[in-house]
Structure formats: C-alpha cells, structure tokens
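Just below sit the structures, each encoded as structure tokens.
Below are two complexes that have chain A in common, paired first with chain B and then with chain C.
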Partner chain A sequence: MTFWDTLLYDLFPLIWSGMITGCLYALGALGLVMIFKCSKVVNFSHGNVAGLTAFLVYGLSSGVLLSLSWGAAVIVALLCAVAIAFLIYAIISPLVFESDLTSTIATLGFGLIAQGVTLLLFGADIVALDLPIPRFAFSVFGLLVTGYDLTVLAVAVVTIGALFIVIDYTKLGIAFRAISENPFAAEVCGLNLRSVHLFAWVTAAILGVIGALLIVPTTFLSVTTVATFMLQAFAAAVIGGFASLPGSLVGGILIGVLMNLFTFYVSPEFSSTFLLGIILLALNIFPNGVLQRVGGSRV
Partner chain B sequence: MTQRLQDIAASSIASWIPVAILAALPFIVGGSWTFTLGLCFANSIGVLAVSFLVRYGGEVSIGHTFFTALGAYAVGVLDTRFGVSLWASVPLALLLGVSLGIAFAWPSRNLHGIYLAVTTLALALAVPEMINNLDWITGGYEGLYVSTPLVPGVEMGLQRYYLGLAMLVAVAAAVARFRLSRQGMTLLLAKTHPAAADAFGTRRVWARIAVMGISGGIGALCGATLAFSGSTVSPGGFTFWQAIFLLVGSVVSFYGLSLVRVLIGGAFVTLVPQLLSASGAWIPVFYGLSLLGMILLGHYLPRIQKTLARRKGGA
Partner chain C sequence: MSNLLEVRNLTVSYGTGAPAVDSISFSVAEGAVVALLGANGAGKSSTMKAICGVIPASGEVDFAGSPITGDPARRRVAKGIVYVPEGREIVGDLTVRENLVLGGYQKSAAERRQRMDMVLDLFPEIAEKANRSAWRLSGGEQQMLAIGRGLVADPKLLLLDEPSLGLAPLLVRRVFDRLAVIRKESNLAIVLVEQNLAVTMRLCDELHFLRGGRIVGHRSAEALRDKTARQEAIDAFLGAAAA
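Up next is the complex of A and B:
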C-alpha cells in the first residue's frame, strides 16, 4: 500500500468521523461557554445532568419508567432538563455575584447529585439508546458516509445556526452579549442579569440534551458515558478560549479530529493524557483561545 | 501582630489535646476502627494539600489525586519491587511530589481560577489511565500490597495507625510553622496583593510555582501515608471522583489548615463512603448535598449573624 492509499483509506475517514464527533463536542462546549460568558461560572454539572436526561429518554421510551414514543420522551426529558437548569440556577444565583469560583465548586455538587440520582433511578447498568433515524450509507470518494453522520451534521448545523441567529439578531441575544461584555453597565442600562443568566443556563441544558442524545448511539449509555463526553467538550471550550462561541465550535472540531488521529496512530490508551497535553499546550500558545490571534473578534 | 502570633501559638498548643486523644485511641477502639482512622489521617493530609493551595494560592484543584497517586506508588513500588521501607520511600515521594508539582505549575503558571481548575480536572482524568498503562511497574488493576514494616517487631496494625497520625501531625505542624515564616508571609502577600508582592521582589509566577510545589509535596505525602496505612495501592483509590472528594473534604472543613479542621475534612472523605457502602448510589448524592450545604452555609451564615447582631443592637 502506497503512502497515498493509506492517506485515502485511513486519514480522510478519520478526519471525517472526527469532525462529526467534534460537532457534538462543540454542542457541549457551546453550553459551557454560554454560561461562562455571562455569569463567569464553569458548569461542572453539565455532563452529569445531560447524562441524567439521556437516561430519562431511555427510561421513558423503553418501559423502565413509562413507555412513551421516542419523540414524547425527548420532550419530557427536555422539560426536565430545563427544570433542572432553573433549579440549579435558583440555588446558586446568590453565589454567582459573590465569587465565581465558589459557584463553580457548587456546580460540582450538583454534578455529584445528578450522578447519584441517575444511579438511584437506573442503576449502574449499561443500556443501549438509539436514534430513530433511517439507516443508510453511501460512499463519496472512498469516504463512507452514514445516515447517522448526516443526522449529526444536520442537527448540529441547525442548532448552532439557530443559536448564533438568536445571539446576533434578537433582543435577548443583544442583552446576552451586553452582559457578557460588561455586566455592570448592562445592569445600569436596565437589563436584568438574572433573566439573561437563566436564558444561558436553559439554552445550555437544551444543547446538552441534544449532544447527549446524539453521542450515545456511537457507544452505549452508562452513568459515566455522557460525563466523559462532556470532558472533551471542556477541552474544546478551553481551546476556544472559554469565552468565545465560534472558538468553541472550532475547538470542538479540532479536538474531535485530533483525538481520532491520536487514538488511531499513537495509542487509544493514553487519550486522557493526550487531552491534558492539548489543554496545557493550547493554554500556553493561545491563552485567549485559537480565534483570538486570527480575527481578534468574538460573538 | 504579636497578638496574632500568640494566638497562633495558643491554637497550636490547643491542637495537641486532640493529638493526645488520638494517640490513645487504638487502646480503646477495635482493630477495624484503627484501620479506618489510619486512612482518615492519610486523607486528612490530602485535604490539607488542597486547602493549602486554596489558602496560599487562591486556586482550586480538582486534580490532587495525581499527587496522591504519585506518593502512593512511590511507596508501593519501592516496597513490593525492591523491599525498601518507608524510611527511604517517603522522602522519595516528597521529592517526586514537589518536583512534579513544579513541573505541572510551570506550563500552567499563567492560568487562574476556572482555567486552572479545568486543567487540574484533565490532570485527574489522566491519572487512572497512566496507572493502568504503566502496569509493568504499577501492577495495573491488581495494585500493590505494602507489607514491609517500618519498625520491625511492632504489630503492623498499630504501625499503620501511628504512622498516619505522625505524618498528619508533622505535616500540620510544618504548615502551621510555614504560616509564621518569611516565605509563608511572602506567598500570602503575593496572593492578596500581587502588586505589592511584585514591588518587594516576589514575582507572581514564582509564588504560584512555589505554592503548587508545596501542595504537590503534601499531596504525595498523603499518598505515601495512604499506601502504608491502607496497605494496598490500586488505581481505584485515585479516580477522578476521589479527586473531587478531596475538594469536597476541603470545602467541608472551610479550607482550614489546622489539625482539627483537616481531620474533619479527612474524616468526611473516609467515613462517608464506609457508612454508606451498603447503598452506593447515595454516596454522590450525599457528597453533593454536603458540598452545597457547606457552601450555602458559608454564604448565608455571616448574613444571618449580621441580621441577628443588628436586631440585638436595635433592641
């Protein structure tokens, strides 16, 4: 096999599937960044809460709790995610204005609780949760594209596109940007910090559910699956500078591709160590995120 | 200032009373409690390492299992592979902890607050993976069994208990001394007034590296004690959750550095999983609730006290 063959048969599929997973990391990272941008809190409960809602979808549609249709289960789970986001924000909101670090530690507490509740409701077993999508596959230039890939891509494009439109063109989005830029001035101008924070938390929760539902079909669902997935999202957010929405999109795709290449060419056993290396390297070379150097602007 | 120093001296004398009580305990309680308390002392040192970073560096770490694993495996490997006792492996653990603390602090020297927290999180996640993949030296999943006695002839259970106690007392005393030292003051100044410290010639980066090095060293001592007092070293003791639990212990003890405070934190980390071992799913719930409870208490207590004081003053 020549060099070009290897490139064609290994590298391109790896980059393609890395980009698909990267879109999901970006969905997770966008949620983290939205919360961080406006309230300076890192939401460590993101992964565990999203995992809990994925389990809710499983429980509601498989007959463990109820036997609803998949769509109905997703709607109920989304409502639960929003309710949980409300609850978490309601409890930590007095801390948010005092110390961002304290409220960040508080979100760790919620993550622990969400994990415990998942264990209590569904146990430590591994379950399968699939998406109701058509199964087909075709190949383009030797690249195998599946229905799952296209679904992920479509959902990610639509969700992220909608989010950017909301943030760029609606009043709520303008309020969000104003508060991220200068909370004090925004408050003086009559904006309600708490309602904008709440908007960020709720949006993040919804993004988390979408990301969790899309990532689960590639593996399986257990208490730690989604939490582990969200750790890549953390890395994506860090690479994007943690305060830049387009940055986290780029970071997500970058992490997806790099992790894929690393596990294939180097070693699948040291992926977390590799992630640590990427984070340290990225923070030293691009302290404000990969996009800061290039464009200097942020949404 | 002298008043404050006297206060600190008085509090260190006061902390000798619990030490005396703890030293007498093995003669009162049963063997299983002696073992658990030994672990409790070890975890208290870990809580102290996390609290030290908070107090002197103003930073939060979710990755201290990296340092505890380092210390524990230094002891475990030297013991099982080379039959070297603690006399040699503890200094090695300390050295490793300090140097890797510095090695980690250097690339992360410019990170603060949540950025550092996320980086330590990545560090904690890499730990179990490293242990399992270096199984030719770490023993992989099976772990290592530490059995070489420190003092030949003395019953092993008692050795495990008293080593834990002695290490905890020594580390807590050293940290208390450090608070009075010139270096300790410098680090505190660098944390509270970075510009002033800079003017006195203490660079921020240096302060960060020093704090991280010391905290890493204390973390490694925790691991070394954990290995000897707990008798086994396995990857299960250094999971990501364990790292979070150390932080929870630190929060529960209100980031205290005194012996009694860290003992509370260590007891929390050790005893809660033991007491709830029959219903494992409740452990994260309980930890989460206590973490939130302590944070909210720390937030609301001063306010409630103020309101009460105002009412009393008004009446």
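Up next is the complex of A and C:
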C-alpha cells in the first residue's frame, strides 16, 4: 500500500467521520459551556437528561409508551427536555447564587435521578432507535459520504449557526455575554439574571437532545449511551477552555478526529484512557482553551 | 421641591461585625445633586448598593413616594434608579454600543436607540469607538461609557460611585463638565459618592459626611463656598482621612 493509498483509504475517511462525530460532540459541549459560562455550574446531568429524552423518543414512537409519528415524538421529547431543564434550574437556582460547587454537585443528583427514571420507564435493555435519516451514499475522490454524514453536518451547521447568531446579534445574546463576563454589571443594568440563566439551561437541553438523537444511529440506545457520549463532549468543552463557544466547536471536532485516529491506529480498548489523556494535556497546555484570546483591561 | 428619594434608617451588614452602614437617613429632592463624602470604609458604596438593590439592607427606602424596600435591582432600574458603580464595571468583551444596549435593556428598541444617540452625542469620545471592544477604551473613556450606559436607562435618579477614581485631573474635569450638562438639560437627580471634595463642590447642592457607616455631618454646598468653612467641615467630619 503506497502512502497515497493510505491517505486516501484510511486517513481521509477517518478524519471525515471524526469530523462528523465531532460536530455532535460540539453540540453536547456547547450546552455544557453555555450553562457554565453564565451560571458557573458544570452540569453533570446533561448526558443523563439527554439520554432520558432520547429514550422518550423511542418510547413515544415505538409503542412502548405511545405510537406517535417520529416527528411528533421528537417534538414531545424536546418539550420534555425543556420542562426538565426548567425544573432542574428552578430547584437549583437558589444554590447557583450561593455556591458554584454545591450547585454543580446538585446536578450530579439530577443526573442520577434522570438515569433512574430511564431505568424505571424503559428498563436496562439495549434498544434500537431508527430515525428517518436518508440512506444513500456516494463517493467524492474516493471518500464515502453517507446520508447520515450530510444530515449530521446540516443539522450541526444550522443549529450552531442559529445559536451563534442569537449570541452575537440579539439583545438576549448581549445579555448572555454580559452575565457570563460580569454578572454584577448586568444586574445593575436591570437584567433578570435568572431569566438569562434559564435561556442557557433550556438551550443546552435542546442541544443535548439533538446531539443524543443523532449519535444513536451510529450505535444503540442504552441507559449509558448518551452519558458516555457526553464524556467526549466534556473533553471537547475542556479543550475549548470550558468558557468559549467557538472553542467548544473546535474542541468537538478535534476530539472526534483524534479519537477516530487513535482507535484505528493504536487501540480501541484504550480509547477512554486516551480521552482522559487529552483532557489532562489540554488542561496543562491550554488551560484557557485552544482559542485563548489575548485581551483584558487597559486600566 | 418634593423628595424623590427618602432613605430612613438604612443599615447594611456584612457578616457578624459592625454594620458597614449604620442606620442612616437622608433625602434627595427632584433634580438635586447630593454628595456622600467619606474616607475608604465609611459606608458610601454600601449605601449606594443598598439603594439600587444589589445588596440586602434593612430600613426603608421610598422612591417617588412609593416604598421600594423589597424590590429587586431590576425593578428599581425600571422605576428610574440607576447605579454607575465604582471601578466602572463595564463589560469589556462587549462593544461600546453593546454596553449601551445593556444599559437600556428594559427600554423598547426605539426608545433605547434614541437614548443611545443622545449619549453618543454627549460623549463624542466614545461615539468614535462605538464598535470597539470596551476593554480597549482608556480609563476616561470607560468612565464615560459607564455613565453613558446608566443614562441610556433614562434614570430619574443616578447613583454615581466615585466617577473620578483613577482618572487624571483633566479627565475628571471633562467627566464632571458632562455631568453638569446632563444636570442642566434634564431634571435628573444625582447621588454622588466621592472622596474628592473639590470636584464634588462643582456639582452638588448638599453634602453628607460619612464616617464608620454613619452620617456625621451635613452641609449645603452654598455654606461651603467659603474656603475656611470648607476646611472646618473637613476637619470636623472627615478628619485625618481627608488630609
């Protein structure tokens, strides 16, 4: 096998599929970072809540709970995710203003509750969730591009693009950025901090559901599938410095590509070890994220 | 003139020690400028924060004839009490324009745009840099932005906390000149916290002297026009801290 063959048949496909999976990690990471940026809480319930809502789509569309159409099941699951995010924030919001650490630990509890509810409603069995994703494939310069790849790419571009437009160009986005950087300044300007926190929590929940639903077709759905996926999203957020939305996007794609390359060229058994290694390395080399910006105050 | 702000027995405590503000009472008439003077730790900033509702306090605060004691900061902003904090507290990563949007967050889009245009006319130094990140502004420009951000909210009462802090004398004069213009052109009442008596005298009608969280003296600006009277007030109420 020549060098060019290796590039064409191994490396490029691995990088491409890593980028596709990385887009999903980025969706998960963006949710974690949005919550952390404005309310300073690391939301450890993110994966389990997204997992519960993915199971809800399964339950509502497969006849286990109801026999809704796929689209209706997704809408109901999204509404449930929003309601759960609302409920979690409503319960922990007094803690958010008292102690970041206590509220972060509280999210661990909500994660366990979400996992318990999933087990209670759907059991511990592995299930298949078939989403109506176009099943076609074509080759571009030897690179196999599937309908799944293009669906993920389109959904990620639209979702992340819409999010960045809201954050960069709307009054709500200005409020979000202000509270993330200087909550005191935001408060004296008359902003309702809880409303803006809630916007972040609800948006994160929606991003989590989208990520969870799109990762499931590549694997299966079990009570731990989405939580494990969110571990990679967590690593992506760390690479982005846990406070940068563009950094999370870059981090997600980096994690997707690096994990693919490691799994193929080194060992799939040690992929979790590799992931933890990346987190440690990123924390040491880029403690403020790969897109760390030189800035600050002149006075 | 009727009183716009009435503060009665306001007390602020941090932890279990002596209160930072100890049962102080004063009032501000519509369109008046009242200064709170005192050394570091006298309780000036805590008084301002308690009036604007960002820290808990006991006592009573009435604004425009209605009690606002239990209102959160955002409701007080909606009623017309706007705080410009010490150290400017602008949002550095937002542009100048975005900081002004933040100031008028509760206003309708049209009203906010109109107020922003007024502020940018008043402070041409920051108008030239409207699309620049706020952290890139100089100290004086940041102070103008902080005051401008407060003015976009269309306040009835502006709480100005040490606007001269860290600024060169020329910039202090420029900032106070603009405040004098604002005062002349609108019926805006101001509570001004300062350590610098000379700059305070240029603007205010009444002065309250604070020490150890209490108001220890009160003079009208008119009574302090005379240099000897001013020195006597400093010696009596501010002591060595003002020297």
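Criterion: the second predicted complex is superposed on the first by the 292 of 299 C-alpha atoms of A that agree within 3 Å, B and C clash if a C-alpha of one lies under 4 Å from a C-alpha of the other, contacts with A are read in each partner's own complex, and residues count from 1 in each chain.
Assume contacts are C-beta pairs under 8 Å (C-beta built on N, C-alpha and C of every residue); 3 or more make two chains touch, one makes a residue touch a chain.
Keep in mind the model is a prediction, meaning the values are calculated, not measured.
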Which superposed partner A:Thr104 touches (first chain B, second chain C, both, neither): first
Partner chain(s) touched by A:Val42 [first = chain B, second = chain C, both, neither]: first
Touched partner set for A:Gly71, first chain B, second chain C, both or neither: neither
Which of chain B and chain C A:Lys171 touches, first, second, both or neither: second
Touching partner for A:Pro268 - first (chain B), second (chain C), both, neither: neither
Contacts of A:Phe234 with chain B and chain C, given as first, second, both or neither: first
Chain A: partner with more touched residues, chain B or chain C: B
Touching partner for A:Asn192 - first (chain B), second (chain C), both, neither: second
Which superposed partner A:Phe184 touches (first chain B, second chain C, both, neither): second
Intersection of the chain A residues that touch chain B with those that touch chain C: none
Sites on chain B touched by chain A in the complex: 60, 62, 107-108, 110-111, 113-115, 117-119, 121-123, 125-126, 129-130, 132-133, 244, 247-248, 251, 280-289, 291-292, 295-296, 298-299
Chain A to chain B touching residues, read off their complex: 36, 40, 42, 44, 91, 94-95, 98, 100-102, 104-106, 108-117, 119-120, 231, 234-235, 238, 242, 269-273, 275-276, 279-281, 283-284, 287
Chain C partner contacts - residues on chain A that touch it in the complex: 171, 174-175, 177-178, 181-182, 184-192, 295-299
List of chain C residues in touch with chain A within their complex: 52, 54, 73-74, 76-78, 82-85, 89-94, 98, 101-103, 105-106, 133, 135-139, 142, 149, 153, 166
